[in-house]
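So, here's a batch of structures to check.
The two complexes that follow have subunit A in common; it is paired with subunit B in the first and with subunit C in the second.
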Partner chain A sequence: MKFDYIIIGGGLSGLTCGIRLSQAGKKVAIISAGQSTLHFGSGSLDLLGYDNEGNIADNPLDAIGRLNENHPYRKIGTERIERLAEEAKTLLDDCGIHTTGTAQKNHYRITPMGFLKPTWLTLENYATSPSASELPWKSVILANVAGFLDFPIEFISDGLGKLGTRTEVEIISIPALKARRHSPSEMRSANIAKILSSEETLNQIAEVLNSMEETAEAILMPAIVGLDKQDSESSLKQKVRRPLLLLPTLPPSVPGIRMQTMLQRRFTQLGGLYLMGSMVKEGHVENGKLEYVTTSTLMDERLTADAYILATGSFLSDGLKSNYERIFEPILNLDVTAKENRADWIDPNVFRTQPYQAFGVKTNERFQTSLEGQTLENMYAIGSVLGGHNAIQQADGTGVSMMTALAVANQLINNL
Partner chain B sequence: MNTSIFEKHYDIIIIGGGATGAGTARDCAMRGLSTLLVERYDFTTGATGRNHGLLHSGARYAVTDQESATECIDENMILRYIAKPYVEEHDGLFITLPEDDLAYQEKFVESCWKAGINAKIIDPKEAIQMEPSVNPTLIGAVQVPDGSIDPFRLTMANVLDAQLHGAQVLTYHEVTGFIMENGRMMGVYLRDNITGEKREARAEITINAAGIWGTLVARMAGVNVSMFPAKGSLLIFGHRVNNMVINRCRKPANADILVPGDAITVIGTTSDRVPIESVDDMHVTPEEVEVLLSEGAKLAPALATTRILRAYAGVRPLVASDNDPSGRSISRGIVCLDHETRDGLAGFITITGGKLMTYRMMAEVATDMACSKLGVQQKCQTATTPLPGSDKSTVEEPENHLYAFNARVGRHGTLAPSIAAMDDYQNSLVCECEEVSVGEVAHAIENMHVRTLTQLRRRVRLGMGTCQGELCALRAAGILCASCKKSIEEEMADLAEFLNERWKGMYPVGWGSTLSEAQLTSIIYQDLCGITSPSMKDRRQEP
Partner chain C sequence: MATDLQLTNISEKDLEQCLKCSICTVYCPVSSVTPLYPGPKHAGPDGERYRIKDRRFFDEDALKMCLNCKRCEVACPHGVQIGDIIQTARIKYSRHPVGLRDFMLANTDLLGSVATKAAPIVNYMTKAAPVKSILHNVMGIEKNRTFPDYTSRTFESWYKKEAAAEQDKFEKQVSYFHGCYVNYNFPQLGKDLVKVMNAIGYGVKLLDKERCCGIALITNNMPNLARKQGKMNLKSMRHSVEQGRPIIATSSTCTFTMRNEYEHILHLDNEIAKNNLSLATRFICRLVEEGKVRMAFRKDFHMKVAYHTPCHMERLGWAVYSTNLIKKIPGVDFQMLESQCCGIGGTYGFKKENYSISQKIGENLFHQIREAQVDYVVTDCETCKWQLEMSVPIPVINPISLLAQALDVEETRKLNQL
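Up next is the complex of A and B:
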């Protein structure tokens, strides 16, 4: 099978790249092994939350120039990032993923522990604040579903209180959720969201929320609606008299799953081939080029393309692997940037910088990978499989995924 | 804190909340002595919580230490009866590999029989059928009545029973000195390690059951108990590789015991003398990991490709004798010191040496000595009276099948029905790996001296499963907050400490799936939730 481009990895970066290439009329296949890290997401996308010194980046674009030179953003450059950030937002809109926020100024999302964190784009209907030190409401109702333990309400309520917002906690339920609780493993965000997808259950929830006293300015509730599309979220919002805003929960992330679904849907609509549950078995390299790949699902079929894009993610997605001896890229054994000595991979204090977080596949300025020092002209790497930055400390993981995906896609489209 | 605890004049104060201290408290209380148990941190924080969890048959010591071997097999049989829900009876193998001397087997079996251990030579092929994970190149195998035991739950059952018999128990109370009157020890000075408050408690006799720390306790009392701190490191694997204990049939050496327990397998140990000053902060070194892995794979080759959950190390309280650099040849025998006759210090007894297997016998010996000094005639009943949770042979399952009921029975035996499971909230699952419900967490908070996540882990295995506390820690933190009336700051610090404690065990084995899992945990707790350090008092993000 012959494609214009083959993308290995179907998460945020792979899909962003795939959609962009498909929009330009290219024939694209995505080989996806499984779940996406979006399933652990917050409903927001981060461009750059903290600068090199660990301070909040008020304007992410300003801070990019001062990042380590190995940071993927430095390969793209601030000006291009500014353009790509706009493009990313438009691409998300095109997929039906509507967000607020700009690259020029971070806003703040509320974490499931009640902290504020700087971020770039947040899904519509999710609670945010323009300020790092206070919230836009004087008083809110914090409503949780009875028995839903993945929304630690004690911590959130304390956090909102410390930011100066009076918080009233309400525990709500409806018959369908009560029934579901008989099975103790069912009270997880995605399962609840499946129940809260019918008009009937949404009406019942709205009725409970509307029966609360009219003192608070807004109602905040966990992100347990809108698993498949935004409709049920908007529908519930319309039914509730006061402003209703959502807060992220512990995984699985309903907004993350929805983002993944909608990106995937858009990609296939555009004619892309999404090979689900498929892994690259072998890649054949000759004369500094990847000639073809074979997959676990299409056993003997050689898939070929003009260029290949590696978007397999970091360690938790198996895009990078480690063993007793070394850190490696498991598909082609591409060159990686990683410390050789195992003792230098990790720090004994979990809260200090963990060097492994910044390990990744080595690329040149154009995100071309290399094998034993030789550049693979038609093999690119994007997203979390890239090294050079610490996404945990800098809050830039989703941004790097989208920016590098678009940078590479545009390069290919424009034959640069 | 209830002040009447400190006003009472006790017969006995026991120092140390490990198996020996808890067992001694139980024995004393059962014999009608008024008893106070003090522990400076949590229960099972010393060697009790840091070993194989092996229910020794005694076979390991048969050749080198007949006395310990006999004690082990006697106690082995007793524990099967009195601690049924905390014991797994799956037997063990002593295998001979091509590099070992098969002639040792004969001597080994003979010594086992002499100690009263039912050791049976079996055909290597049969051994492979019984235990498919065993190294298939083995040239000899002996079956022995080894098993496994959960030291956390065993200790808690002793604590619970001591309390049922009237004993008082104080965790987080550290002995800072002794009350001396006319050359006699009359009690202890205590510091509450949570509040910093200073207290004292009085008793006729004080029993030092502080494990390796016993040497420091004795020093504080002005007497010398020379100990040999022997560090032993172990690795936990992510699933139950073997179903029988696998040992090497040779003189005891490094990493030659592989013990299955619950859903995991443990390989150990190493043995190295360490300075007494270091015993509070043991770390597993890369060299130890190397030895454990390479030797472990000789017992069961599958270990080479099995995910390692974590590494940990404990310190054996061996009593120093000769010049043995590793401590391997020092007797595991029980040492009970009467400081009145030995050092002229009345009112003070030290119980040490021994091992987890012989904790009950150690308790009996120490209690016998205390009783004879107090003129109390009561005989020891701990060998014949089942512990809480093992008083009946079966637990009736309620009519409506309860989710995770079997897990609860597994952990609490016949006490399981007393765990609240009345409504959906109580039945909600906090930890999916180990099937721990809200009701079980509440039960532990109420009855088992629990205020922190780490304590909860020791009592109900929360966070001990394959995910090492990925989601359950935060869920449980919410419950702890509400039930223990803790401040959010306190619980936040507890959560951060729990995460770092889990990481301490993962750090020495930080590669492969362990590293990937660590990255996921950091994405959830640090990236998604925004926990950045152990103390996050200020919620504001200062630009």
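Up next is the complex of A and C:
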């Protein structure tokens, strides 16, 4: 099978790149070994939350110039990042994923532990604050569903209290959610959202929310609506008299799953081929070029393309693997930036910076990968599989995914 | 030494690769519509850790709600064979004898060979309300379900009389695993397959001995019989390959069963199937794309179709071949439906205790089909066809039948120098 481009990995970076290339009329296949880490998403996308010294980056674009020079953003450059950030937002809009925020100024999302973290774009209807030290409300109702495990409400209430917002905790339920508790360990956000997808259940929930005392300015509740489309979210918001805002939960993440679904839907609409549940088994390299790949499901079928894009993610997604001896990229054994000595991979203090977090596939300025020191000119790497930055520490993971995806896609489209 | 440890300490069906991320449960069609089924993570790797320690943790009532769609395995980011863990647990830990209903539903060969002998009567009876009521109340077979008709002339008997003699004229040949559905219910699909293959220059033979692939035996807890039939099918396939004939099938589930379930659930050595058994659409699509055969289509063929990906097709990952093939027909206005379970799960949806779950699961897909407003839904699975035709008033056909309708046989033969 022949394509213009083959993308290995179907998460945020793979889909962003795939959509951009498809929009330009290219024939693209995405090969995805299972669902992606978007299922752990917060409903926000980070560009750059913290600078190199660990201080909050008020304006992410300003802080880019001061990043380590092997940070992926440095390869793209601040000016291009500014343009790509706009492009990313437009691409999301085009997929029906509507967000607020700009690259020039971070706003703050509320974590499932009740902290504020700097971020770039947040989905509409999710609770945010323009400030790092306070919230826009004096008092809120925190409404949780009885039996829902993945929303640590005491932490959140405590956290919001410290920011000067008075919280009132309300535990709510409706008959269908009570029935769901038959499997108590499966009271997860996605399962609840499947129930809260009909007008009937939304009306019931709205009725409960509207029956609460009218002292609080807003109602905050966990992200348990709007799994497939934003419809049920907006519908509930309309039915509730006070401002209703959502807070992210522990995974699986409803906003993340929706993003995955909508990106995938758009990619397929544009004519892309999304091979789900298929793993790249082998890549054949000849004369510094990848000639074809084979997959676990299509067996001896050789998939060929002009260029290949590795978007397999980091350790969590098996884009990088380790054993007792080394850290490696499992498909082609591409060159990686990892320390030789195993003792240097981790810091024994779990709260300190973990060196392995910044390991990844080695690339040049154009995100071309290499094999035993030789550049693979038609094999690029994007997203979390790239090294050179620590996504947890710098709050730049989703930004790196989208920026590098668009940078490489534009490079390919413009034959740069 | 340490490396060896890590390399060899891999659990069966990759059980220990499970991170408990719950992503599989998000995509489980059953737990999406009923809280009574805890979902694949809980029923699979979570529960298995306990069952290994003590069989009393085996919750049969919950596990038998799994419809074996394997969508959990497709979604799993770490390759855990979740569906296989659940099926294997049901087989390993269940102490309940198989009831008459399940025995009848699962023994498709037995039922088919009896029913075809008296097809008109059987077809009449299975539509009659009193009979359905008895089946429902006494047997536990859902009365609201439309049963597939039986044919009075099996595909095998048609083939032997009408087609067999022609096949030796072809230099290249394949063996056709027709499956129970084509043989007992819908020989037309088999006839279409013969027509298409002959047009592109392939003779079609039958296997020495073909038995039901055994999927219904697996899901209804009759692994020994499934294994016996599996061995017979594999033996026939081996013989076919020795004669230079690869094997093709028109059912995604039969294909999936013989390629995957034989190994993962029945522990049969099925290398012969993995290397030589293909879905007909994959076989033909690859021939066309490699330029080995050519096809010409009727100029007057115009059809708006939507493709539905059956669950086992999703697991095989081969929908791309069927859809690529359909898209090669110039008169086709093609639409891809989002891959969702139709709810039937083979014999699952025929059982009265599962009927409402089955229909609820299918709702999303039914809705998509109604919206699509097409002439045909195209799919590679016969039980999906039954479920969809019963639930949405749009005919459902196999891609091979669509191809047979669209093909200009004379032109195609000429193109292939026949």
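To be clear about the criterion, the second predicted complex is superposed on the first by the 416 of 416 C-alpha atoms of A that agree within 3 Å, B and C clash if a C-alpha of one lies under 4 Å from a C-alpha of the other, contacts with A are read in each partner's own complex, and residues count from 1 in each chain.
The rule is short, and it goes like this: a contact is a pair of C-beta atoms (placed from the backbone, for glycine too) under 8 Å apart; a residue touches a chain by one contact, two chains touch by 3 or more.
Treat the numbers as computed from the prediction; the structure is a model and nothing was measured.
Student: Touching A:T353 in the superposition: subunit B (first), subunit C (second), both, neither?
Tutor: Once the two structures are laid over each other on A, A:T353 reaches no partner at all.
Student: Which partner, subunit B or subunit C, touches the larger number of subunit A residues?
Tutor: Result: the larger residue contact count on subunit A belongs to B.
Student: In the superposed arrangement, does A:S235 touch subunit B (first), subunit C (second), both or neither?
Tutor: Touch status of A:S235: no partner.
Student: Determine, under the contact definition given at the top, whether A:G277 touches first (subunit B), second (subunit C), both, or neither.
Tutor: A:G277 sits against subunit C, while subunit B stays out of touch.
Student: With the two complexes superposed on chain A, say which partner A:P152 touches: subunit B (first), subunit C (second), both, or neither.
Tutor: First partner only.
Student: Would you check which partner chain A:P112 touches, where first means subunit B only, second means subunit C only, and both and neither mean what they say?
Tutor: Once the two structures are laid over each other on A, A:P112 reaches subunit B alone.
Student: Could you tell me if A:D318 is touching subunit B, subunit C, both of them or neither one (first, second, both, neither)?
Tutor: In the superposition, A:D318 contacts both subunit B and subunit C.
Student: Go through the superposed model and pick first if A:K162 touches only subunit B, second if only subunit C, both, or neither.
Tutor: In the superposed model, A:K162 contacts subunit B only, not subunit C.
Student: Have a look at where A:G34 lands relative to subunit B and subunit C in the superposition and call it first, second, both or neither.
Tutor: Once the two structures are laid over each other on A, A:G34 reaches subunit C alone.
Student: With the two structures laid over each other on chain A, which partner does A:N70 touch: subunit B (first), subunit C (second), both, or neither?
Tutor: In the superposed model, A:N70 contacts neither subunit B nor subunit C.
Student: Would you please give the residues of subunit A that touch subunit B in one complex and also touch subunit C in the other complex?
Tutor: Common interface on subunit A, subunit B vs subunit C: 37, 40, 181-183, 185, 251, 318, 323-324.
Student: Looking at the complex, which residues from subunit B come into contact with subunit A?
Tutor: Touch list, subunit B to subunit A: 283, 286, 293, 403-404, 424-425, 427-430, 432, 437-438, 471, 474-475, 477-478, 481-482, 488, 491-492, 496, 499-500, 502-504, 507, 510-512, 515-520, 522-524, 526-534, 536, 538-543.
Student: Mind pulling up the subunit C residues that touch subunit A in the complex?
Tutor: Going through subunit C, the ones touching subunit A are 2-3, 6-7, 21-23, 25-27, 31-33, 35-39, 42, 46, 73-79, 286, 289, 314-318, 320, 336, 338-339.
Student: For the complex, which residues does subunit A have touching subunit B?
Tutor: 37, 40-42, 55-56, 58, 108, 111-118, 132-133, 146-147, 149-150, 152-155, 158-159, 162-163, 178, 181-185, 187, 248, 250-251, 253, 314-316, 318, 321-324, 342-343, 345-346, 348-351, 354, 356-357, 391-392, 395, 397
Student: Enumerate the contact residues on subunit A facing subunit C in the complex.
Tutor: Per the stated touch rule, the residues are 1, 33-37, 39-40, 179-183, 185-186, 188, 190-191, 194, 251-252, 257, 265, 268, 273, 275-279, 295-298, 301, 317-318, 323-325.
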